[in-house]
Amino acid sequence: MSNEDQNKENLNKETYLELYHDLLLIRRSEEQLAKSYAAGMIHGACHTYVGEEAVATGVCAHLRQDDAVFSTHRGHGHALAKGVPPREVIAELYGRETGCSRGRGGSMHLFSPEVGMMGTSGIVGPTILQATGAGYSFSLLKTDRVAVVFFGDGAVNNGAFHEGINLATIWKLPVLFVCENNMYATEVPFAYASGNPDVGNRGPAYGLPSVIVDGNDVLAVYAAAGEAVRRARAGEGPTLIECKTYRTRAHSEGMRDAGYRTQEEVDAWKARDPIDLYRAYLLEHNLAAEDDMQEIEADVQAIVEHAAEFAQNSPWPDPATATNYIYSENNSQDHEEVQHA
Amino acid sequence: MREITFMEATREALDSAMAKDPSIFVVGEGIGARGGNFTTTLGLYEKYGPERLRDTPISERGFVGMCTGAAMTGTRPIVDFMFLDFILDAMGELINQVSKIQYMSSGRLKMPLLLRGCIGIGGAAATHHSGNYYPIFAHIPGFRVVLPTNAYDAKGLFATALQSDDPVLFLEHKNLIFNKGPVPDEEYTIPFGKARITREGDAATVVALSSMVDKTLAACDKLAKEGISIEVIDPRTIAPLDIDTILASVHKTGRLLIVDETFAPCGVGAEISAQVTAQGFDDLDAPIMRLNGLHTPTPYSPPLEAAIVPNKESIEQAIRDLLAE
Amino acid sequence: MREITFMEATREALDSAMAKDPSIFVVGEGIGARGGNFTTTLGLYEKYGPERLRDTPISERGFVGMCTGAAMTGTRPIVDFMFLDFILDAMGELINQVSKIQYMSSGRLKMPLLLRGCIGIGGAAATHHSGNYYPIFAHIPGFRVVLPTNAYDAKGLFATALQSDDPVLFLEHKNLIFNKGPVPDEEYTIPFGKARITREGDAATVVALSSMVDKTLAACDKLAKEGISIEVIDPRTIAPLDIDTILASVHKTGRLLIVDETFAPCGVGAEISAQVTAQGFDDLDAPIMRLNGLHTPTPYSPPLEAAIVPNKESIEQAIRDLLAE
Amino acid sequence: MSNEDQNKENLNKETYLELYHDLLLIRRSEEQLAKSYAAGMIHGACHTYVGEEAVATGVCAHLRQDDAVFSTHRGHGHALAKGVPPREVIAELYGRETGCSRGRGGSMHLFSPEVGMMGTSGIVGPTILQATGAGYSFSLLKTDRVAVVFFGDGAVNNGAFHEGINLATIWKLPVLFVCENNMYATEVPFAYASGNPDVGNRGPAYGLPSVIVDGNDVLAVYAAAGEAVRRARAGEGPTLIECKTYRTRAHSEGMRDAGYRTQEEVDAWKARDPIDLYRAYLLEHNLAAEDDMQEIEADVQAIVEHAAEFAQNSPWPDPATATNYIYSENNSQDHEEVQHA
């Protein structure tokens, strides 16, 4: 797998298998969503995470439910890795009342505060700042909770990146800034859009530690995130982690995926599929048995199929509730109204 | 006359202006080789190259501020926001700089900055991709705000915007940009501040904005079958606003309804109502009414989304209510 | 009763809330040891320390976004903008995030974010330090917008803002914050959405906002000497807006003037006019009038600055014109 | 003076004296404005440049009239160095029709496009972006003009810095980003507000050259700016220059100047006054004679006194013109209205 195999800590078997489970759960869910999109079950945009699963999986493996994750327009994988049930994610994209945002959000607005999924955003940038604020809460409240934000290479050229990282650094906030550098913002190459082709070498400009990691190597991500989470919980401040990875499907489902990258490039990255690499690695090093993995594969398959059925059979939101939840004061009252409606 | 889409019409105006004036350039995400998420610049990159069709990083504030400085120094920038929602990150540049620099420089600097973006609710785009926000720009002095509603107007108004030395917001509703309509081959301009009387009538006046024009016309067709004749006015620009045409119509009909997809509070309908009340009070046979989208963020789920926007039926009902007053 | 300034009154409310609730913190430039450019936090740094009175870099977008995330995760941030003008760099966070997160999370997240800043034209502060902009926040769903006009209201409304789980804009006019007035020692709250009838009368109703209240009262004193009795209403909050109190007054007087320092187009006066026309049409004996500051950036030079803002004389004239209708 | 004396190019005498003239013109004008402020002649804020004169002087000495300068709330010195007549600057702060912004702007809104002074801003940040845009115009129009923006350390933590520098870098625009690091933003220390105490070492994070210069050494600033202007004119792209300097007066006139910095610190910097240092350096190296400088001192004194008189005797703007100039179409027409008013 990656050439840093030697300096990989040894994990217990459960952990190895849980990582495999999470990787697969994201992949199969995304494949289901792609199918659902093609079938017209998804009404708005749908940005899949296929090819990047190792990042969310390797980072979230270190998080507790009371830690906070903030994400992007490409957020299904982060939500699943943080523990949002697949059925709630799929139901949300189906626009149903049983979705994690009760059908208000769709693909780009996944909220599940109960499990620490604090939201994805259709706007690039803001969640970098919100994670900084969660870090502020956690440190003001004297807890050891941590906040994590996942963002793309496209967000790096945005002022939110600059201001958020500086604020977290000067106040030593418990935040992980995880950049998923998949080399493109839609079709605009990061190498064109930024004067510096790397992100993980920018720590010195801000005064925080930063690293560049192979984002298709779940164990490399796991190791880097583990150290960053340790620092954050210990009150040692934020870390910037760049994960070099690749999106193997179109920017969003149904979108033309040509003219900006070569087939060779796509194939080369597919050959480094994070799940295939990891599966092979586990077998090669006898860290898990073929049956273990087949069992997981069957479980995940079942979970995702049931989730899709659940979504399919879920009710639509009641149009009479369209203006609920705007103001906190009115929320309960709005519910009333709805019942009487 | 040949029929082309709203977006093809604006592209024609853009292409001929860029061919004539080398100081015009466009910035935005995906407006280069890709030709724009909404095909705003399709085919132009091949003609005018990367310096004039400039793909940008996701730096809305940055490139709006950059284009502000460019407009101060001899070029004519066009910012293509794709979805207008993204303009909000550049509000400081727009309200504190763009709208004020001509004034603060006592007119010795001009601000030929054209800002375009797609607006509107539809297609389950959810709350970060369905903003309208034009009342904000009508509130702030210094802007021209254009809401084209058909291919013919789109070409002529865009040509005018391309010639303006003032900052112009050209706001294209997602549900309209691929509608076809008759458009002359030759170049022409449509002045800002001249409303279009889209349909003549005498029972009541309906001022409809952006995507509401077609829906209103559909409602009026239905009412016409009952012999109810409604006058429909499309202001086309809300800053400047052609209040005279509206007042003249109300003088004739005595009744006014304003239909707008976006929020009522401090909106364009409120402004029109206030002006007509102040200047046309004696012409009014009934209270001025407004029909707006609900005052809420835009939900994703189709049944919720449909519930917050005026449609043919709710417009028809609002007109009937107005006539019953 | 003892008299203290408007700003001292808000500081009292802030201090007692911070003493009770350790999750309240304030961010802004110079709000730490310095106590705030406008003394908003004077003396609190010594009591509550740097974590709860957090001096910031000049990162308005950054710390607004940060406080958005803080409000989502169990603390109650207060953003002190000093001059409200600086809020414009954070508009994307406010309109796309702060105002929408409760809705998009179906009410499972709250947004107890208090945003305060000084507004208003005066003191030759020029166009980057004299913004009002409150109609923008009244237009967007999700915000509470407070325009306190005296020390008593300032304390009670600020106490309410400190308890709100919704985002609140608390907008303090530079010309009012050092005015003194009677303020009880004990804690009290004033609900949002309840206007104050500042002066009773029957010849006409004047709704005045922010700094216009005192100027309007002065004009009314003058008119009273001629036996002209005017009712003056201070809405205190424009979102929510207490339209019922205004309608009741117009029912009595039959005449309405709205006086507002800031821009007329798509402003609060337009909204009030539109609502009263729609709901109180039969009560109107004359057209509803608006008196606003001129629709222009704010000039620096004192004679120019004075020319763009309504004053006692122009308000008096506007009332006379309304009565003559 | 500074320890880089040796690597200073030799300039001709005129240049040495012009630099001295400009330094002094800024200093005396600011001293006049401080007096005028105390006398109540200035109606709004007034941020003086005393102690930082070497930065504007050393940079603008390389600029042509058709180059563009963008500045900040502390912009009097930049305007003067770019060639705005002192009488127009003083008259502007007096709020008179003869001011460079016709009384519309005051201290924080100085516009004189005729001499390439493209504006100061009361808002921190935007002019960084505007200078980038001027660079875009100059390169699109195939000229060799350059754009310069002066900004404080406070602007460095703002997203405008990040986005502007990246855009100028990826498009190789002819822009000088000149940071005047006077160690404080009002009373907030840069060392507190930023995770990185320096600015001139941030070039690598963006991919452009950056340098740290002694901002109280006019010849050091002159040398660094010379190279950056050469690069810009040659199409080699932007440069980031950090000038370490110090504001010796209060943040703004009439403002309390205590509680955030020590008297020792202020005195230490006053001992390195850029004008005293430069005057001594010229004499020490026989680059100019005492009489030359006394002559300049007398000239400058006279210019500034006349400028203040001019301002004092200038007419106020006509209130009937308060809404002129908002829209380009209406400008001429507005003038009409005024005449008929």
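Residue numbering begins at 1 within each chain, and the chains themselves are lettered A, B, C and D in the order written.
Keep this in mind: a contact is a pair of C-beta atoms (placed from the backbone, for glycine too) under 8 Å apart; a residue touches a chain by one contact, two chains touch by 3 or more.
Not measured: the values here are computed from a predicted model.
Asker: By CA centroid distance, what chain is farthest from chain D?
Answerer: A
Asker: By the contact definition above, name the pair with the higher C-beta contact count: A-C or C-D.
Answerer: A-C
Asker: Would you kindly tell me how far, in whole Å, the mean C-alpha position of chain D lies from that of chain B?
Answerer: Once rounded, the distance between the two centres reads 40 Å.
Asker: Please tell me the distance, in whole Å, between the geometric centres of chain C and chain D computed from their C-alpha atoms.
Answerer: 37
Asker: In whole angstrom, how far does the Cα centroid of chain A sit from the Cα centroid of chain D?
Answerer: Once rounded, the distance between the two centres reads 46 Å.
Asker: Could you list which residues of chain B touch at least two other chains?
Answerer: Within chain B, the residues that touch at least two other chains are 56-57, 59, 61-62, 85, 89, 92, 96, 103-104, 127-128, 141-142, 295-297, 299.
Asker: Out of chain A, which residues touch more than one other chain, so two or more?
Answerer: 101, 104-105, 109, 121, 123, 125, 157-160, 162-163, 166, 170, 192-194, 326
Asker: Please give the residue numbers of chain D that touch chain B in the complex, ascending.
Answerer: 68, 70, 101-102, 104-105, 109, 111, 113-114, 118-119, 121, 123, 125-141, 147, 159-160, 162-164, 166-167, 170-171, 324-329, 331
Asker: So in the complex, the part of chain A that touches chain B is made up of which residues?
Answerer: On the chain A side, the touching residues are 43-45, 95-96, 101, 103-106, 108-109, 121-125, 154-155, 157-159, 185-188, 192-194, 259-260, 316-317, 319-323, 326.
Asker: Can you check the complex and tell me which residues of chain A touch chain D?
Answerer: For this pair, the touching residues of chain A are 157-163, 165-166, 169-170, 192-196, 201-202, 204-208.
Asker: Under the touch definition given earlier, write down the residues of chain B that touch chain A in their complex.
Answerer: 29-30, 33-34, 55-59, 61-62, 85-86, 89, 123-129, 294-297, 299-304, 306-308
Asker: Along chain B, where are the residues that touch chain D in the complex?
Answerer: By the definition above, chain B touches chain D via 22-23, 25, 51-52, 54, 56-57, 59, 61-75, 77, 92-93, 96-97, 101-111, 141-142, 144, 164-166.
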